[in-house]
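Chain lettering (A, B, C, D and E) follows the sequence in which the chains are written, and residue indices restart at 1 in each chain.
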């Protein structure tokens, strides 16, 4: 299961030239407003015909200007979850969900009942979209796309219109989707938190072309990406394994550089997962700190210090096999005389690792 | 029993409806403007018998070979009258040069379309031959059929109108000022003829019925003249 | 009320209802197709098509009737072809009255439908395409249900217009009682008779009542369709 | 082309343009008001008003003309009042032709306007009220500019319909050359005489060309108005 | 300048019964979706007529069921900034801005030129709203409301539709408005960060009635409000004074409990301001920590510990004359044996105090 995009297209003042390969899992398209994310997704869906290039789904070309091929949308078998839901207002939830069924080449991998269960919409089947909350609508849209047995799921800011409570409601479903089906997902979002939680691959667009692409861990932990990602969202993503659930509500995880405590997770011990540690949530200490309320302290070696725009400095560290980022003031860096190669302790408040930043992967 | 389909000028409706009701066989009568009906017959309308208020259109059909020319008859005649509305006190005698213009004043003379509808054509001819047309021409309100002209007078919108004697006869609300002299306009004739190739026998039978004296009495009751009356 | 109208008048009423109903039904698929084309497609001759559709609104009805007679009469290009190939005769039949009424009501129907179609979000149609539905299926299952209120309004308007159509009908199919004599033709015939105004008025009242019922029903139906879409 | 039409025909054309123009202009304010009431207000008798507006569409035109004569004729209730109080005479005048055309075109105009008004977001009007603007000012400065495309479309449709109106006009104001002889009356007259078809056709072509021009102009104007609103 | 609201109204299943008094400055209406915030604002604007009650602007009643009074919207002189802008699409920016001018009873306090300057829209005056970005639109909407010389500004989630870059663009304008005009503002928002930055008074709505209202500092620092505010947004707001700008880009502030360092602020020394310290950004330490990269350490006394839903505990502390909140794990609280009355050190990363959380007031 993979996607290849290699297209050129002119849109108003913007010259798009976009080329990337998405392996399985969730590939996030990330970039500022107007960099061409929706355009790429529409090209994959066949709703927009690029001027030239080639798009392959599972190795099978669906668009190729050299052989003058452009498979019409309804034959591409893409499941598109639009930002605005686009449920059919005149059909019940059940009818919306089964709309694509008759065109699916094979039986859907999961039945209507299973998908409704997965998405928590079993009780809504006989209602009409008009009466649903924003979060419910979006879950129905996801179920509808899934049940058409697509070869790929395209999601264009599926959560952007929702408030944070609704987002929190849907994110787990997207994780289950990623983990329990083998459908690749192309996911557009402005939210680093969402991407960190979901994406296996990140493609960063800038001004109509691909600025950087690669595994999520690498791209998001790259200090060179701080500008694109934004100072407050910069951070590192570390692979982790769940070791144990403690009965005071904490879950213990092991990362290559040590162990971490997180608020209770409902995943079984032994499960591989990822944690995200924001650069500004990390405090550095030369000595091993004592008597602090922070539970998580990792040992690390400084790799590099980079000045930011303001009074801050980004400190990149090696922590076990992983990279860690910290954002501290220039003054602290000077007072502590931090140098590449120094050994250091990274203090991380357990509760500052957001629940939404943890995902299986 | 074979139903007969008759295409008849609309002004014949009251008389023909009464006669058709007494006829043994069913009769379907389609009333309309003579021009409309004639043109429909040209285009193959399922008419068996055509009764026109307008000899010109019957002539056209005869030239086209659409009527049984040998059976063409003048069924009825009619006269033109000058009528006055309910609130008008007419002091007019129809004679050459009579002062219709003064009687009208700023008001209108209701007539059917003077270039297109027979009643209007005859009326204009009569007024011309009486030498009053020039004075009243600009005060003539023309309607698309003669009934509408009558209605204008009935409603008091126009004080005077030129209509058929039959129309005036049937309308209690108008007063007949006078009848236009026979010679002041071409004779008003209602020709009738069966349509070629249609349903000649029943059509002929109904036409014969209309030509009977009994039928003639009904027509006369409605104000029509019969061709024998010296028209 | 059965005493109030004579048998010929009942017949005219029934025929008018019948003709208007069929005219509406007949023009609906064409109306939807043309309205869709005008609303959604770009093609050469679009302006011409638009004017052509509006023509019956612009021309005096008598002219439309005459043009129908020339085209669909038994000697007319299409009329003779229809007769030779299918044995179909339109002129002077109730079928012709249906055609005349349909043509006259067509611009009104197309305008209503066009506005309704323009109001449907093409994004919903795109969404259906991504789910694998071919164009025609999308149209039937998404576009059509969504334009239902406009379709109802347009149909009833066309029906009302058809109920009132006179000039084109009498010119094309004449005024044969029981065959082509519709309510308006009967009204016309009464107006030709001295003292017929009363009878004409009776028929006018009948047609107003029918059209009023249709309009009210349409408003109600359209509201229901809107509510159904808005969802409970 | 001046050879192609006779002087009387030129006169009929000029009069038709004039009458249609005034009919459109005259009905516009009423149309806007009634369309606004139907679109935005809830009141008793709304359904009746709606049916009343549609009546000229439903009734045979001759009947409408007859009713006009009864109401606005010199003996009619309103007609005599107008004459006694203002010296205004409508019967047999071009002004009456304007009235007839306006009434016949009214339903089409109101429908267009009503849809346009329903499409204006009441939230914008609320926003204007919070800025201190009284209702009428809000209407003039916000609602009206926003319905401009619909207003143009509705006006041109009404104009086209007025250009083709015959039955009600000739019944109400009859046919007085130079005063009330419009293009459709002239066409009708030609059709009554054997051999007049050619002349009738010439006038039909003229009216189609005029209406076509108006329709094309309206599509262009409406597009411009929409673009102006969408903004550069 | 003040507003009194005391209304009862039934809306579907919701029984509204809302009563509060807003003094000058910014009064924030805060509450979940569907608690009646928009309804209140509409009632003040006269766009909705409550079933009963009384609304006063500046002591003058504009709505009163007892005297059967309801001043129509256009005579109330409220400036309403809608969530969706609602600019007049057919008018230029200048015409939009001056729309209300002719109805203003007196000359606007600020001229068109001044307001445009303040809002940074002087260059847009001849353009039409259609071509403006979301942030520009919203600023024009604010300017339009301002220039109608309102007695009060009503703002219903004016920033909700904007991405964070646009929000950051507009917030400073709102602050200037609050600080440089004397128009009271009734402000609806879901965002605690926005409210903390802007509000002088906070009114918390819950299920149709007022759950809590009072000065922003008190309401937002109230540990009892954690549930309404949300765990991740809970924190304390402290009055502060700017003491000094250091040339390494840090600004020093004094709070009643000590001093704090923040990234450079462009406000003159001596200015009073407020800082917000999120509970989850505070680490507690028994001993005074040494060699940490965190610059801000305040001494405090524990007032209370409250258990949350998860493994967290909210620790409320007295710090000088102010209250401070920290959110730590139950486990840490137990290990450190925290008790009310204990002296403790609160470690706060300077960079974790967001710029948007600082405002003059």
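Keep this in mind: a residue touches a chain if its C-beta (ideal position, glycine included) is under 8 Å from a C-beta of that chain, and two chains touch if they have at least 3 such contacts.
All of these numbers come straight from a predicted model, not from anything done at the bench.
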- Which chains, if any, touch chain C and chain D both? B
- Query: In whole angstrom, how far does the Cα centroid of chain A sit from the Cα centroid of chain E?
  - Reply: 31
- Rounded to the nearest Å, the gap separating the Cα centres of chain A and chain B is 90
- Can you check how far apart chain D and chain E are, centre to centre, with Cα atoms defining each centre and the answer in Å? 56
- Expected list for chain B, residues touching two or more other chains, is 39, 151
- Message: Can you list every residue of chain D that touches 2 or more other chains, as numbers and ranges?
- Response: 66, 167, 188, 191
- For chain E, jot down the residues that touch at least 2 other chains. none
- Chain-chain contacts, ordered by label, are A-C, A-E, B-C, B-D, C-D, D-E
- In the complex of these two chains, what residues of chain D are touching chain B? 66, 69-70, 73-75, 91-92, 167, 170-171, 173-176, 185, 188-194, 196
- chain A-facing residues of chain E, complex: 33, 163-164, 190, 230, 232, 246, 248-250, 261, 263-264, 280-281, 283-287, 289-295, 310-312, 326-334, 336, 347, 349-352, 354
- Message: If we count contacts the way the header does, which residues on chain D are in touch with chain C in the complex?
- Response: 47, 50-51, 54-55, 57-63, 66, 108, 111-112, 115, 157, 160-161, 163-167, 184, 187-188, 191, 197, 200, 204, 207-208, 211-212, 215-216, 219
- So in the complex, which bits of chain B are touching chain D? 33, 35, 38-39, 56-57, 59-60, 108, 110, 113, 115-117, 140-144, 148-149, 151-152, 155-158
- Given the complex with chain C, which residues does chain A contribute to the contact? 45-47, 72-80, 82, 84, 86, 88-91, 99-100, 103-104, 127-131, 144-145, 148, 154
